[in-house]
Every structure is written in C-alpha cells, then in structure tokens.
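Please find the structures below.
What follows is chain A paired twice: with chain B in the first complex and chain C in the second.
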Partner chain A sequence: MTDATASGAVPSGAGQGSLLAKDQRTAKRNAAEGRFKIYGLIAVCIGIAALVLLLTSILTSGLSAFRQTTIAMQVTLDAERLDPSGVRDYDEMAKVTTFGYAPLLRDGLQATIAAAGIETELDPGDAMELISDESVAQLRNRVLNNPDLIGQTIEVNVLASGRIDGFYKGRVSYASAELDSNISPEQLQLAEALEERGALKTGLDWRFLTAPDASDTRPEAAGLGVAIIGSAYMMLIVLVLALPIGVAASIYLEEFAPQNRWTDLIEVNISNLAAVPSIVFGILGLAIFINFAGLPQSAPIVGGLVLTLMTLPTIIIATRAALKAVPPSIRDAALGLGASKMQSVFHHVLPLAMPGILTGTIIGLAQALGETAPLLLIGMVAFVREYPDTPLDGGFFDPATALPVQVFNWTQRSDPAFVERASGAIIVLLAFLLLMNLTAIFLRRRFERRW
Partner chain B sequence: MSLTKTAISGLALAAVSATAAAARDQVQIAGSSTVLPYASIVAEAFGENFDFPTPVVESGGSSAGLKRFCEGVGANTIDIANASRAIRDSEVQACADAGVTDIIEVRIGYDGIVFASQQNGPDFGAFTPAQWYQALAAEIPGEDGAMEGNPNTNWTDVDESLPDAEILAFIPGTKHGTREVFEEKVMLQGCEDTGAMERMTSAGMDEDAVEEACMSVRADGRSVDIDGDYTETLARIESDANGVGVFGLSFYENNTDTLKVATMGGVEPSTETIASGEYPVSRPLYFYIKAAHLAAIPGLKEYAEFFVSNDIAGPGGPLSDYGLVPDPELAETQDKVAQESVMN
Partner chain C sequence: MNDMRHMERAVRVDTTKIAARDVQVFYGDTHAIKNVSVDIPDKTVTAFIGPSGCGKSTFLRCLNRMNDTISTARVEGHIEIDGEDIYDRRVDPVQLRAKVGMVFQKPNPFPKSIYDNVAYGPRIHGLARDRADLDGIVEKALRRAALWEEVKDRLSAAGTGLSGGQQQRLCIARAVATSPEILLMDEPCSALDPIATDQVENLIHELRENYSVVIVTHSMSQASRVSQKTAYFHLGELVEYGETGQIFTNPQDMRTENYITGRIG
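Right, the complex of A and B next:
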C-alpha cells in the first residue's frame, strides 16, 4: 500500500482543480445516482398505481354489495293453501313446500301493484321475476315459526331479484335489458313505477355479511355469513395450536438446544418448510387428517390443522428472531443473580420478546386467512348454506367455507351479479387483513423495546 | 412446557373422540362444475323444504369427483358424484376395488353446448361442424390423404359465407367433460362431413388413428384451451372481438346481454331444440349415488328423489329455468331412484 502511494498513484479526481467545480467523473457519478433515484421512483409509482387501480376496481364493483334493493308488499296468507288440515301442526304445515308459497307472493305482488295504481302489461309470472326466489323461503320460514299469521294479510319486505338490484347499481340498463333473456325493459319500467310509489327501495343492508351463500339463481341473497364463521374458526384453531407449539419449539431451539448437526438439520428444514407451496400442505392434510385420521371433510378443524402446519414455520422463524433480538446481557444478568436457565427465559427473555412474537403470529395468521389452495383439497371449496354450530357443540366439525374460498367460488358463477358479490367479499377480506396488520404494527410500536 | 403439551394432546384427543361420536348428518356431493349450479339450486331448495341440513356441494370436475367417489365407503367419503359424462368402466372397476360396489346412476337432464361471440364482434350467425373442423383441426388431409398442417387463418378461408375475422376459438380444456362432447359432436362430425375422414381411411390409416387425427386440435394459438370456468372464456372473448367461445347453454342464458350465439347446423340452441334432439351438440348430465350410504346418511335418498321430482327437474321447474334441458324419460329415473336400482 505505502509503496503504491509513494509511486505517485494519486486517487483519481484529486488534485485536478477546485473542489467546487465538478470534474467529469463526479458528474458521471452524480448522474448515475440521479438515474438510480428516478428508477426507484418509477418502481414506487408503478407499485402505487397498481395498488390504486386494484383498490378502485374492487371498491367500484364491490361496495354496492353492501346495498340492497328491497320491495315492500302485502301478502295474504291463505289458510286453505298453507294449512289445509287447519290444526296448525308444524309437521302438517311443513308439507306445503316453497312451491306452494310462490303463488301467494305472486298474488301479493299483483295486489300491491294494483293498490299503487300502476298499470302494467306484464303477466303475473313475469312480474314475479322482480322479486328474489329467496323471498319464498323467507316467507315459509316466517309462517312456520308463527303459525298465528295464517289467515292474515301481512307486510313483507322482500329482496328484489339480481337484475332489478343491478338496475339500481348501474349494472343493468334499458339497453342491456333489450338483449338480456332474464329481464325485459317492461320489468324495469314496473320497478321504476314501484320505486316512485315508495314500494321499492335501495339502501344499506348488512345481510351481505350475515347471510349464507345462495345458489346461482339468487345472487342477491348470497352472503358471507358461513365464510366469516369458517374463517374465524380456522384462525382460532391456528392461534391455539400454532402459537404454543411455535413458541415452545423456538424457545427450545434458541435457548436450550445444543448446537450440533441435528439442530442444524432442523433449522434448515424449518426454513425450507416456510417456502413450501401451500397446496402441498393441502395434500398432506387430505392424506393425514381425512384419509388416515378420519376427520370429516369440509370441516374447519381440518382446515385449521392444515393452516397450522402452514403457519408454524413463519411463527417459529419470527419467534426465533424476536428471541435473538433480546440482548445476551439480560440473560447473563438473570443467570448472574442466581436464576435458573428456565427462569431467565420465562421471566426475562420471553416477556421482552413478546411484541416480536405476537407480530410474527399475527402476520402468519393474516397469511393463513388469505389462503385458498390447501382448502381446495380438503373439501372446503364448496357450496355450504348451513351455519356451523358453536365450537362447544362441535362446530369445528361442521362443514364451512372460508372468505378467500367464497371469492373463488363466486368468480366462477355465471350470473354477472356475482362479480359484485366477489368484489364485496374481497373488500371484507382486505378489511380483516388490514385490521390484523394494524394490530401487529400497534403491538410493535407500543411494546417493542430497543437496546 | 408440560402445560402446553397436555393442552395439545388434550385437544388432539378431543378432536379424535368427537369425530368418532358425531356421524355426518348432511349429504356431501362433489364433481362436475357443469352440474354444480344445478346441484346447488337443488341443495338450497332441499334445505328450505326439508328438515335435513342443506347438502354440501363441491365442484372440481367430473373425473376428480368420481375419483373421490370411488375412494371407498364411510362417513368421510362423499355420497354423490356429479358428472357431465357417464361413468367409465375403469372408474366402475376402481370403485369396486375400493368396496363401492353398488352405484345408482341418475340422469338429470341434458345440457347444450353453444358457440357464442362478443355482442359487438363479427356476425358469425351460423356454424356447421364441418366449418369448425376446418378451422380448428391440427392437420387436414389433402386430396391424396397425406396430412398437412391446417392452412386456414381466417374464417373466410374456411367458408366464404363466414365473416372476415381471424380464427380465434376458446374451447374447454381437456380436464372438462365438455371437451369430450366438443371433440365428438363437433370435430369428429365435421371430419366426417368434410370427407376428411374418408380420405384418411382410404390413405390406409386405421380407425383409431383416424379418430385421433379428427379430434386433435391445432396448437398454434388459434385455438385456446380454457382450463378455468366459462367466466374465464367470457373474459377472453370480451377482450378480443374476433374470439368465439364454447359455453354451456345455462351460462349463455345468464349472459345474453354480452354474448351473441350462433346456430349450429342451422339450429338455434334452446332447451326446446335440445330436448327434441334437433340441436346437435348436447350431452346428458348425471349424478351417481353410493347405495351403501343410503341407510347411513340421513336425507340422501330424499335429496335424490327431490332432485328428480317433476317440481325440480321437470319442465318449468327451477332447473329448466336455469338452462337444464329436462329429460323426457324423467319418470323412469324417478322409479329408479325410488327403487334404489343399482348399475350392474
């Protein structure tokens, strides 16, 4: 080194004039730096633009899922038709199927139209297409639960059919109705006439969050109820299983395990597992939990176990990082004061590492919440309409779906109204993810300690 | 640590014992994505009208559904497999090997396959199987029967009467049951109609080779396999004005405002023309019941009977409203389900 300097090889740029005037090389370096900043800015802008595009497209097509068009009408519950036996016995009344209730609603709608003074050339069957098929089932349930209603004329508020609902959300127009085999311009006119008389309203409706899924013929009635419960059950299972197992494994590996070939092997495997595609865990779940252990298909318990396996590596890695971040002086001080190894870990290291562990767990949970692929193989990508029971009544073993699964399902349906439902479900999913991530950030900010 | 361990083993134990105790009380169904909408419509109505829980319906494709159906007998296997094609002998064999010996075959109706393009795209109007064969075949035999790569790039190359548009077809991928029908009723038929089949046979090809050559679809990008659902086909067509897609009738009927359908062999697709057999491209839809589960799973038989009842699968019922072509022999199917008569 000294030889080289002595031989006169001065660093370039030095001694070539004033420091204030840029020489060519400095200018070049500055230009390169400027270009790099611009590249970075462009990358950030592309990212933001993509995010904005995604959010606007989802919000514009999905926010309307939280609004719903309903029609208020008077229905006369004909005793002859609904309870021919006249004894108001549940089993006797249940023999009248939804097909038996449809004419009542049809007549009710006709009466409502007549009472409002609307003239229409539509026959009763076509006018009936204004209201959702779901309303028949709702009316039947209401009557079966309150047999006293039979014989009375009651006010019912029914969902409008998907196309009418779409008309008030800008999805259907007179021009598209001309071509559409499921709706005609005359039906739209009737809907507008009903709206003028105040019988038809579009407003906020939270049924989207509580109602179960509905079949392809009733997009207006499809909701996220079962999916939200299913997702919540699975997250509960993941939390209860993955957190203790993950933390125990990390503490052992980080604080107690000897450094040898076996622990190295385990470490490498944990890192590898974190990168395994999630569908592989689905195959594993099918083979072990369903085919071998005999757990039921489509159940949150299996979904939860599979997602636990998937989340464990993430939690272990985060927990170990959090434990590593606790300075050795804390352990040394505890040990020096006579604490046992276990006391030093549980009384000092673990509490200090808790914010990091919780953050890692929440991020792992958020990842699991958005997962569809493994659920595909264990039968959770399904049409499920029954709410699962509470966990105490074995609800973990009842069929359920999950939020991302519901999005996947709805995008496959043929009725265009399901696009709105799928986007609405994405909004709900994003809201949950945002909430979880905010909690993680809050925990980190509030409790994290730096040394 | 010991606390955690106890908790975990306790949970695992609880899990296992709970399963053993709780037998399944809802019907589980998997299979064809074509049958899925019909099955979910019936499941929904079944849950509303009966005191049984609503059946759980999964999709995944006919083959995947039948494979799961043939996994064995027991509460953790499915009860019903939906299929957009008849069960194959190999599948019956696989079922028998796993102990599923008694299978009830239920034909629920027919499904039409339609050819549709964008509302603002070129006006295709009328297709024939021969035109589709000439547009999509991988190789077409020359006059002497020697196979040559398909030279057609524009629909006018195929037939002067067709509009001037690049050939771009979106057809179902090989995992779909619809693909099989498309190959047999359109490609093979077209191969025969154009005389290509005869030329191949006279050039000395054996029957299997001829059939395979007739049904093989070009792979130069003018024909695109869609492995997803019809919604994907629709999205592709919406982004390409020249595209023509293959759809199920019910899907088309739900999207008549964005799609314009072409006739096939001069017949307009509708539930009537398909029921009468005039429209050439249709196929029966089925579901298969595990007879061994009839006694064990509550509601299974009731569901099957409800599915094929006149109120549901008959003309004017919710299924035909949605696009299913009612089976003229529905009464026989009803008897079959009522008597639980299995396939032999």
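Right, the complex of A and C next:
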C-alpha cells in the first residue's frame, strides 16, 4: 500500500526513506509530545505538593484538638452548700451558682495535691487556675441533672485550663509563662508534679466533637457539637428540598418542556444562578426568609433554605447533563413499545442518569457544607451553647451554628489555643467531605453495576 | 381465539391494513415527504427502498407517530389503520404504538436483563395475569425471534451483553411480545453480519404469518428476498409501488430502474 503511493504520483513526503531512522518531522513531533508530558507532570506535582502542604499544616496544628489535658480528683458534694433548702428541688438548687461549686473543686484539688505529697507554694486560689472555669459549670450541670449525687464523694475528670493544655501541646513553655499573666512557672511545676503522680493526663478526648462552643477565655472547652448538629440539619434540609426539586425541574426542562424562548431564558438564568456569588444568596435569605417570612435568625431552617437555593443550580445542571448523556435510542425504544413519555423517563432514562445525578447532588451538598458567607448574613455566626432539639421537636428552628462558620468564628478569637480548635474543626469538615465523596463513589458503583 | 384468527386471516388476506393519503412531512422548512399515498396490505412484507435521505425512515415513523417525538416535525395528510385515522385528535399515540411495533436500525436493548427487555411491553400494557403468564409470553416472543435456544439459560443476563445480531433479535422479540398487529423495521440488518442477517430475514418470513411487516432496507437483494410488495422512494416522493417481483424485473420509472441497476446510490 505504501509502495503504491510512494511509487505513484506523489513524489515526496511522508513514508519515504528508512523506517529505522526518524525523519525530521517525526522527531519534532516526538519532542513536542515529550515537552507536553513534562509540563503536565509538573502541573500535577505542583497540585500534589500544594495538597500535601495544606494537609500537613492543618493536621499538625489541628490534630491536637482531639487530645485534651484533664485532672482526675475526688470531689465531695456538700449538701449544705449545694442544696440549702434540702428538698432537692431543681429551682431551689439552681439558685446556687458556679460560685457555690468552685470551692468544691478547689478543695478537691488541694486534697489531690496533698494525697500525692506534692510541695507547692501556690495558695489554693492560684492552684485552682490549673482547672478550666468550664469544669465548674460542668460539675454544676452534672449535679443539677442528677440531684442524687449530692452528699456523695464522686470521681471527676476535669478539664485543665487552656494554658496547661497548651503546655502539653507545645504552645506554652516556662519562658512564655514568665511573661504571661494567665499562667506562672510555679503553676506549670505543679502541673508537672501532678502528671508525675498520674493525676494529670493528656489523652484522646471526644469532647471536642460533642461539646458546644465556649467563651473566649475557655478555648479548652470549646467543641463542635452544636456546629455538627447544625450542619447536619442543614444538609438534611438541602438534600430533602434540593434533590427532588432539582431533579423534577431538570426532567421537566430536559424531557417535557417545549424548546422555545421561555425555556432558553430559563436555561440561561439557571446557568447564571450557578455563578452568583454565595453571599448574594445570604442577602436574599436575610430579606426573604428572615425579614419577610419571619423565620428565626441563626436557625438551620433558614440556613438550609439559603443553601438549597444555592445548590439547586448545581444539581439542575448536573442532572440535565446526566439526562442528556442517556442515548436517545433508549427513549425511542421505550416509546416505540408504547410506553408513555413519563414511563420512558422513569423506567429507563432516570435510572441510567442516576450516577450522574447523585454525583452532582453530592458535589452540591459538599459545596453547601463548606459554605460560610451566606450563613454569616443570616446570623449563624452567633455564639450558641444550647444543642438544638431533634428535628421532630422543631430543632430546625433552634439556634445553631455550622462547621465552616465555627471555623471562621474561632479564627477571630485572640487566644492562640483557638488556632488549634479552628484547625481541628477544619479536619472534621474535611472528614465529612471525604465521607460524602466516598458515598458518591459508592453510590455510583452501585448504580453502574446494574450494567 | 386461534380459530378466529385463522378465519380472520382467510378473510383478510390482501385487505388493506394501512392506507396513507397525500402524506406530507416537514422538518421545519425541509419538505421530507411529498404527497405520498400508499395502501399496505395485511399479512404481507412491504419493503421501502430508495437512496439514503429519500425519506424512507421518515415515512415509516409516520405509521406509528414516532415523528411526534421530534419537535420540528410536522405531518399532514391522512393515514388510516384498519380504517381509523391515526392522526385523529382522539388517538393516543401511546396506544397506537402498542399496536404498531417498531424495530430500529441500531439494536437498542434496554440496559436491563434479557427477560426484563422482553417483559417490558407486556408489563406496561398489563398483558400478563401473573408471573407464569409473563414467563410464557417472554418465552414465546424469544422463540419467535429465534433467540430462545441461545439465551434460555441466561435470561437474567444483561441484554446489552449480547452480540449485535442477538441484540437485534432481542429487540424484535421485545417488539413482538406486545402482540402488535403491524411491525415496522427500519434497516434492521444494517448493523448485522451475513449470518445474523439471514436469521433476521427468516424471522421476517415467519412474522408475516401474523403481522403486516413494513421493512426499510437499502439492500435490494434483501428486499427481493423478504418482501412481497416494494415501494421505491426518491427525494421524498413515492416513485413506484407494486409487487416486488415486478419492481425488480420490470420497473416502470426510470429512476427506479437506475436505482436497482446501481446507477443511483
């Protein structure tokens, strides 16, 4: 064949000469290809390096949030002090504030120090600074929720204060303690002595995931409990609203709507909506859901609705692409058998489009999970200590925060211990995103395996 | 019921099943079918031949109103099946298509099991009383399509996993399973090898017992092998229509003659 052309009318060109030696053009093309491969490889390497850098920096500063320094001690719950009326009535007992409980912990700590045989020059009040203020409130809550404890001596494992915690996580040293009004070297010495005797420990602690946020002065007690519940509620709302609405809208537009100017207009608008900055949706949510509809601020319902609006275009675009990718011959086959339009869509087209729809939905959800700006505008940045109720008890209307907002919130605080908290929260956020992506992959596989 | 069918056939032989009058089809501004009138008899195989782009598929798709699914397509004129105007406002195309089955050029089995492919039509039309009944329908349809022996042991395997010829026969089985009265086939063998083509052609012969079959083909030898009637289309017009033997041996129109002697491709 080559012979025929070579010896034919075409005098010069490709295919002449020995195949064993590369001609000039081939060499040039190969060189270009080689260069391109190198560029690509460099790009990939830069990407991987950035990712590794990001992950290491977050992991090194954030993993310690999951570890917590605690002090174990015995506390005698003095009935006289905690329930002067003696009737174990909640309202009566609640009149005793944290000031009533602090001495109990102070005495408990002193007893522990004495029992361990530690010599210290610190007076009981200064020694008490080893313990987080939050621990007093926690003890009070525990007693109020379980009045039977009054009069007993109980074992408690209290949070150490932020500076002591920081000492065991490398944030605080003797040198920095000299300059720090919140902690003194003597207190660090006491902590070390307690650690030697086994009373003070630093270990894995899930309270970071379950506890609510804490005030600026108590970073050691700040947790993600409320933020995780808030985010979960919002994701639930987005899923329940955006998926059916988005899929129904896409099916209508793609399979049923007539092709005319109106549908073109809608199409352009949906594409544009996907590009609208998310903060605009926040303003919209503020105006419509809070100011006009009168829904409460900081509530997952409002956050969920705003994120639904934001996610809809993503889901619609992904779903329409998935529907478009289903070969028309499948629709013809169904219609040719006398299936109605709807039967052809629901029996054949939709199942084939399902992997694409699910991927789009999960990408949309992942975007929504990480979205901060619109939530700031609807007040989800509030300081919330109360867990929202279950959805059945109207929990969607209770104040809550969200994971990314919590990260933002913590990075605004002055105590360096909050850097660790914020990084820890980012790790949790990334873990959830990873989980969602794995779910997407799993669902894709499942649906695709049916051929 | 079987008896009745036999009687009916005896009476109906050579009666007109489909009568088209002055059919025009437009795709937007393109005039794809011009003034076509044709009577297609029952229990016969009618072949549509002609150069590509002459409107064979378009006309075929008028007969089960598949053109309705193309938004730009517009059909004018009258088409009657058993004396009923299928473009009447009261006619639901969905119901019509249960009566007029269609096999497409490219095999297009559903990405489901072989069984589900064949059972789909009977299921949506409620043709089976129970599972055993449905099993019977599926088996019968697969037997008619000469596919039963090859797939009976793997009915739950994917229909898309079959070879091209098997897929096309599966599509035929699927169309047959809804017991249509008319079967439209648009170049059913164009994607098949000679052996598979031969099987499908044999099948068409058998199908003629019960159905009126309209087949579009670009193979003249196929038209002469399987059909009793042949219609030659040219640039949207029906140029010549008659007994297959006569069209091939003694065409009346120059254009037909040029085509069958290979001068128009």
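Just so it is clear, the second predicted complex is superposed on the first by the 407 of 451 C-alpha atoms of A that agree within 3 Å, B and C clash if a C-alpha of one lies under 4 Å from a C-alpha of the other, contacts with A are read in each partner's own complex, and residues count from 1 in each chain.
Going forward, a residue touches a chain if its C-beta (ideal position, glycine included) is under 8 Å from a C-beta of that chain, and two chains touch if they have at least 3 such contacts.
Please read all numbers here as calculations on a predicted model, not as lab measurements.
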Next on the checklist: By the touch definition at the top of the document, which applies to A:343: first (chain B), second (chain C), both, or neither?
Outcome noted: second
Item to check | Partner chain(s) touched by A:106 [first = chain B, second = chain C, both, neither] | outcome: neither
Checklist entry - More residues of chain A in touch with chain C or with chain B? => result B
Item to check | Touching partner for A:397 - first (chain B), second (chain C), both, neither | outcome: first
Next on the checklist: Can you tell me which positions in chain A touch chain B when the two form their complex?
Outcome noted: 94, 97-99, 133, 137, 140-141, 172, 176-177, 179-182, 214-218, 240-241, 244-245, 248, 290-291, 293-298, 301, 376, 379, 381-386, 394, 396-397, 399, 411-416
Item to check | Contact footprint of chain C on chain A as seen in their complex | outcome: 258-259, 327, 329-340, 343, 347-348, 352, 450-451
Checklist outcome for this item: Within their complex, chain C touches chain A through residues 64, 66, 69, 71, 94-99, 101-102, 104, 106, 108-112, 120-121, 124-125, 158, 160-161, 171, 174-175, 178
Checklist entry - Tell me, which parts of chain B touch chain A in their complex? => result 1, 4, 7-8, 11, 15-16, 18-20, 22, 24, 26, 28, 30, 33, 36-37, 39-41, 43-45, 47-49, 51, 53-54, 56-60, 71, 74-76, 78, 119, 228-231, 248, 250-251, 253-258, 311, 318, 321-322
